[in-house]
Amino acid sequence: MSVADGLQALRRLNADDLGFAQIDHHRAWRQAMPEVVYCEGKTVEQAAAILLRQAAVSTGPLLGTRANPALYDRIGHQGYDFEYVEEARLVVLRRGVPAPVGQVLAVSAGTADGPVLREAEVTAELMGAKVERLVDVGVAGLHRLLGHLDALYAARVVIVAAGMDGALPSVVAGLVDAPVIALPTSVGYGASLHGISALLTMLNSCAAGIGVVNIDNGFGAGYLAALINRGGVE
Amino acid sequence: MSVADGLQALRRLNADDLGFAQIDHHRAWRQAMPEVVYCEGKTVEQAAAILLRQAAVSTGPLLGTRANPALYDRIGHQGYDFEYVEEARLVVLRRGVPAPVGQVLAVSAGTADGPVLREAEVTAELMGAKVERLVDVGVAGLHRLLGHLDALYAARVVIVAAGMDGALPSVVAGLVDAPVIALPTSVGYGASLHGISALLTMLNSCAAGIGVVNIDNGFGAGYLAALINRGGVE
Amino acid sequence: MSVADGLQALRRLNADDLGFAQIDHHRAWRQAMPEVVYCEGKTVEQAAAILLRQAAVSTGPLLGTRANPALYDRIGHQGYDFEYVEEARLVVLRRGVPAPVGQVLAVSAGTADGPVLREAEVTAELMGAKVERLVDVGVAGLHRLLGHLDALYAARVVIVAAGMDGALPSVVAGLVDAPVIALPTSVGYGASLHGISALLTMLNSCAAGIGVVNIDNGFGAGYLAALINRGGVE
Amino acid sequence: MSVADGLQALRRLNADDLGFAQIDHHRAWRQAMPEVVYCEGKTVEQAAAILLRQAAVSTGPLLGTRANPALYDRIGHQGYDFEYVEEARLVVLRRGVPAPVGQVLAVSAGTADGPVLREAEVTAELMGAKVERLVDVGVAGLHRLLGHLDALYAARVVIVAAGMDGALPSVVAGLVDAPVIALPTSVGYGASLHGISALLTMLNSCAAGIGVVNIDNGFGAGYLAALINRGGVE
Amino acid sequence: MSVADGLQALRRLNADDLGFAQIDHHRAWRQAMPEVVYCEGKTVEQAAAILLRQAAVSTGPLLGTRANPALYDRIGHQGYDFEYVEEARLVVLRRGVPAPVGQVLAVSAGTADGPVLREAEVTAELMGAKVERLVDVGVAGLHRLLGHLDALYAARVVIVAAGMDGALPSVVAGLVDAPVIALPTSVGYGASLHGISALLTMLNSCAAGIGVVNIDNGFGAGYLAALINRGGVE
Amino acid sequence: MSVADGLQALRRLNADDLGFAQIDHHRAWRQAMPEVVYCEGKTVEQAAAILLRQAAVSTGPLLGTRANPALYDRIGHQGYDFEYVEEARLVVLRRGVPAPVGQVLAVSAGTADGPVLREAEVTAELMGAKVERLVDVGVAGLHRLLGHLDALYAARVVIVAAGMDGALPSVVAGLVDAPVIALPTSVGYGASLHGISALLTMLNSCAAGIGVVNIDNGFGAGYLAALINRGGVE
Amino acid sequence: MSVADGLQALRRLNADDLGFAQIDHHRAWRQAMPEVVYCEGKTVEQAAAILLRQAAVSTGPLLGTRANPALYDRIGHQGYDFEYVEEARLVVLRRGVPAPVGQVLAVSAGTADGPVLREAEVTAELMGAKVERLVDVGVAGLHRLLGHLDALYAARVVIVAAGMDGALPSVVAGLVDAPVIALPTSVGYGASLHGISALLTMLNSCAAGIGVVNIDNGFGAGYLAALINRGGVE
Amino acid sequence: MSVADGLQALRRLNADDLGFAQIDHHRAWRQAMPEVVYCEGKTVEQAAAILLRQAAVSTGPLLGTRANPALYDRIGHQGYDFEYVEEARLVVLRRGVPAPVGQVLAVSAGTADGPVLREAEVTAELMGAKVERLVDVGVAGLHRLLGHLDALYAARVVIVAAGMDGALPSVVAGLVDAPVIALPTSVGYGASLHGISALLTMLNSCAAGIGVVNIDNGFGAGYLAALINRGGVE
């Protein structure tokens, strides 16, 4: 393929310019992927304008991450069935979601990792993944995890959220043959360094088959899991 | 599944005790995965003993990472067809490797990322992946990358190795819908902090669909890629 | 030039002593540069006193950065046409601004980088630069950027603001031959380390022709851009 | 007890002044503890002089840590039965060692952690502890650890050495009720940061009952283990 | 012991599933240890549900750490004698606490270290340790410490809490032969880095016999102290 | 001097035990030094109790640092002439202050460094130093500094407070022959890392004759300056 | 300009594929810029092949940075007039260099910054800049700098190299109105952190008009200076 | 004093330009201070040229720090009585050294801190200070320090060198009323971070009266001590 052809391939793309933001619709149109807005750092007005524009132009699912309740108040009653997943601070428009396929297992080390894990779960579900969850099975009580080996073995991809020592992904990856997405959380204090400790643990895992995402990046973990899961069921 | 059943599932496992190391064969037996030895920090004697034991007991491929030439000298003529991939410091025994399937694309930002990328390629190949490569296409000269969009679109999973600014995975993940494995390298100087800069860039990518591995961890990237690739072709 | 002559050259300078601050007017007098007050860490009283003194003594533009609304309330109705640029937290007195010359292109990777970019734009404008903007064109969607190559090619200097992975300056510097001022922002979370990740990315850029300023230092980027732009149009 | 009495208690102490070093004998005299010399940063001459003085004045065991072979060459044939534990870089004089009591279990995650673990073992043995070892049982292959629960349950104190992800102490501490001494090693690369990653993991362990020592501080782990073990058998 | 036997040993364990948390009771049942809930990151509803379930199912002491007053309000009048230790942010149910044995000495360098030290004391007491305290005896005024040598000598284990320079554990460990648990606190400012400075000091202590816990981890220090203390009095 | 004599020398010391704090009076009694309380991390009750006890027992000056207004409200009307220096958050009781001698010059780079510098000035004054000040003379406008060479040359010791780049102490130390106390402040943003940048600059000064204190540690700088100043005038 | 047009603009570009490297010639062809090879991390064979290919295909200047003598040995006698600038580890082919214009002033704080500054000088010269130098004028002896104000005032752009405290760019930028490129070097020890201290100082400069490059990145500083200088003389 | 006068004061200064270095003689001429060359990063030729020029032009003491033996070989027999202090890597020309006055006490925590302490001692001696030393008196064995209280009390200024935990300056500053110069060394391993741990400890000292210098900066500590000592005896 020549550079000219490569450029030709990019030519189909077109951005929707709101002045303060450029919205891409092509990925959603092509692949029934959700359109996603990272709301932190945007004003409520900006985030609302983007989401409503997407709601009007696209027909697939929408996802606003790190959304505060004020955003939901602004867009909740504008003719679209937005819902607010408070625990995970998500604004979601569940429409055009593919029927769930495959198996993504979402695992957390502790209860406090729940909100981040939930963000991952919702993201993966919007992208058509069947998602199961297994929570509070950290390595300090191995029997909690070992009692669910069947769920671990059944997954096409496993998301493992953990803060503090971040040790759970290593243990899980040692048990399964599926890819493991390690999701560090900022749960902890002191030398946890707001999640840096868990992140480092996961990057240094002595078990193979692990890909790591940013601290508290439930969206990224869910998105990657859904991509892998989709590949596995095509 | 009860804890008892879970434990029962683990019971099949058995380690081969060399005194200074416990060798697992079960994964290799079950899945035609290579047995892998991380050689750094082990004496040549220790690494050689482990690899020769594996060569004798298993029938599949073997891989020794971060191996120096002295190790190869020790095991190269012991009746097994070990080869030494000098660029990537790998000792490899290519036997029982499955026929290549799927498509893993291995991409590097610069020539100096070559050895780490090679480690990833060999690893993925030993696990049965078909691997293509695209080198020296860093973001400072976008046209080099854009001339190979067809290769990018054809991949089931893409490995992207980059040092310095580590920006390439973000660009690649913005172009493809396949999972991207970001592989930071220690190429660079000064504020590259031996690869920490590239690692942080990749963790903070504004593109979705990226899983990150440790700095210079070509093995980990190749292993994860092969797992994902395998899922996509089953 | 001897030391004596050097000292002689400095002799013209004179500071205006407010007790808690020494105000320099010479640069403004000599070059129609704005006088600038960094307001953070100063009390409203201190910042107001400095700005009002400058307003009275100088005749050129004034700029108060990181100014809160209370400061504007204090000085907004004291006989000078101060305005408050809320988005960028600037207090501005637009008087004696030279007619805009040259071309500074202000680019942002995402909508959330807007306030920092705005600080850069206003600063450059006060110093006589013609400024254009191009927002939300981060590397995860290259076509957004590639659709504006003409704007990139037309600039005498380009400011590129980006948080998270901070990858955009590398891509831009690879496309243009003008100097690029990389402006990292604190947009992001987790391993973005409040902008450190973007900063490191920019310092390690594999593209040449980039100068980096402090995180969120829109003022510094705009000031440097205007200096370079001025040089290019003399 | 008054300050005067406190001072009186300290009065018995006396240091042996070599000019460049002050040697304490009182602890050895009182408690049959080994006298210990940290040899790094000392010249061979200095370390040799200290050890030979101790050999002459004391009657109990001596330990030189981080000792190079040149030191052993210097003191090996001076009339004392010094031995050199090459793997752990220790110079040891095993005399007056108490009969072994209690049970210290020394565990390592990988083969490369061996030298540091050995330093801990020898130290604890010199202080009268009975020591058992369990090596290469990292969390990536849990069955290797679970096959030795009896050894874990039998220990009065457990030392767990691990590099890379440093996850093993968390798992061990979740299985036993004895105190666990977490011993991070510098085994690893990239984001292991020369052992910082393992250290942080251990400090943030979600399991209780863990005390952490410095990276590669096998001596410190062994010393603390022996103190705890001794307390448990008095 | 075979793997099968090991698994058998784990089979007795059973977790109590609340949906968002898995509660272990076995350790409490077996050893009269307190059941502990780390409340930070959990909603008041979650923490309350866990504690009340534990209160109903177990018969021993309960401990909720990092608990806010709202949690106490929720569970304080539900039929159990919970108390709130405000200084240390603990919710405690003192029932079934063993008669105090041994001697744990809890020492602080300054008054501001008090809350963290209190967390350690209460934890150790709930686990059956006799605890004494010695506060505000930092190294800047040695005579304050030297006036209490008898208390130091009498302890089976010493907890030393210190922020800022974190130097006290080194001095204490040089005076006693008992194990010392170094407990860094986040007391300080500037280069104290929220306790990192004290933590590093303690890890690098030139005195032997020290195990370190996480910054502000009073619970962990108290728990480890009680384990060691128990070993010493069996 | 024997250890016994050394202990004897310490015997005169006596601490005043409040339960949560041990108060030393001996230094004040011996040297007319102020008694100092670091109030951060102490409750208002604790800080008030300590200061009032000192006020009652001692006859010299008292200083409470990092004191909030609530503390002053508590002790302001208890029969002692406490004053509150709001800018520097100090509670001060100026009694028994020696007549000012010597010359301490307190210099700041910017207006925002004022509060920290004030803390240093008040501290030095309470210890009997004559203090002059020179503010807002940062290196970006050298002429501001060069206009006060006479003040610089007249000082027995110079305190230099600076945030951001922290460059002023290097310049000052290059101009004077008196000792310079470098006082980094947390003024700045982004890569200033809350004062770490200024601190590092000062530690790495290419000028000799500089001693550095902790970030924002005005008290420490003033105390050290007064000690040095006192030595110079005895 | 549409995306299609943008792509069209990129179509002219073409890379020269060596298998392990993609060489761009277009920038050299278009602008008489040097082609540059970063040699570190490449084998001598790779670097030599790239440089020789460039020498054959292009007609302008070539620059190999971080080149060791072995590379020069390989290419020095292949028919091109390569020279080796040992101090700066540069391989240079000075052909087709434009006549020098403008004025770049290259300044160093100390003698040890010389090699990095030399790299900047040679780079700028190859790009057609007239370069003057001023060395060893660090801030600890201001008069050394103040004796050269005329050189400072005459520059269109100033490069300032400094290690240790990195304070010189702040002072220079306070004296001139031209853009200042701050070039931190790894000169120093201890808390200089291999140049991080100087880098931070420069990023936090209290003087405006400064752009910072990576530690020891003389090439980047020279390149940026030449771009700015060129703009100023067009 | 006006700016003009200030400049006049600087006019007397004159640098001696060697091409790669600017030598200041004025300080030596004015105050019998040694001229100092930091040799690291300079070639042997450069360092030799500077020292020989100084030897020829000045009449006072000379000091070359971080000098290797090759430098001494080059200048040792050129007609000046240079000596080489190998332990501290100093080249010294002891001429015109003032008669020793005052009392500087140089203290080290351990034997390995010796070379750095020696650098401080020689520096202070060259500047006319009477220096005493007290070595290997770290806080792990307090009685070693307490046996020398008389030496501590007699000093006008105390230098305290310590690596690892860096705790000794806090203890010393708590015992004396003289200024304490804390000199962190890179002695240690693991979490000592090449001296960062000791440095942080000293900056966070809970004792007042401490100024800190860079890691291993014996020269800086000695210089500052001599300045303070001189002030105290004028």
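Think of it as A, B, C, D, E, F, G and H in the order they're written, each chain with its own count starting at 1.
As a working rule, contacts are C-beta pairs under 8 Å (C-beta built on N, C-alpha and C of every residue); 3 or more make two chains touch, one makes a residue touch a chain.
In this text the structure is predicted, and so the values were computed from the model without any measurement.
Asker: Quick one: which of A-C, B-D or C-G reuses the D-E interface, over half of the residue-numbered contact pairs in common?
Answerer: Equivalent chain pair to D-E in A-C, B-D or C-G: C-G.
Asker: Looking only at C-beta pairs that count as contacts, which pair of chains has more of them, B-D or A-D?
Answerer: More contacting C-beta pairs are found at A-D.
Asker: Between subunit C and subunit D, what is the separation of their C-alpha centroids in Å?
Answerer: So the centre of subunit C lies 57 Å away from the centre of subunit D.
Asker: Just the number, please: Cα centre separation of subunit A and subunit B in whole Å.
Answerer: Averaging C-alpha atoms per chain gives centres 25 Å apart.
Asker: Using mean CA coordinates as chain centres, what's the gap between subunit C and subunit F in Å?
Answerer: So the centroids are 36 Å from each other.
Asker: Give the residues of subunit H that touch two or more other chains, as numbers and ranges in rising order.
Answerer: Within subunit H, the residues that touch at least two other chains are 3, 6-7, 10, 13-14, 110, 141-143, 146-147, 190-192, 196, 199, 203-204, 208, 214-215.
Asker: Would you tell me which residues of subunit C are touching subunit F in their complex?
Answerer: Residue positions touching the partner: 7, 10, 13-15, 19-22, 24, 38, 40-42, 46, 50, 66, 184, 186, 194-196, 199, 214-217.
Asker: Would you tell me which residues of subunit F are touching subunit G in their complex?
Answerer: Its residues touching subunit G are 109-110, 138-142, 164-167, 170-171, 173-175, 188, 190-193, 196-198, 200-208.
Asker: Within the complex, which stretch of subunit A touches subunit B?
Answerer: 1-3, 5-7, 9-10, 27, 31, 33, 36, 143, 146-151, 153, 156-157, 177-179, 181, 199, 203-204, 208-215, 219-220, 223-224, 227-228, 231-232, 234
Asker: In their complex, what parts of subunit B are in touch with subunit G?
Answerer: Against subunit G, subunit B makes touches at 110-114, 135-137, 141-144, 146-147, 163, 187, 189-192.
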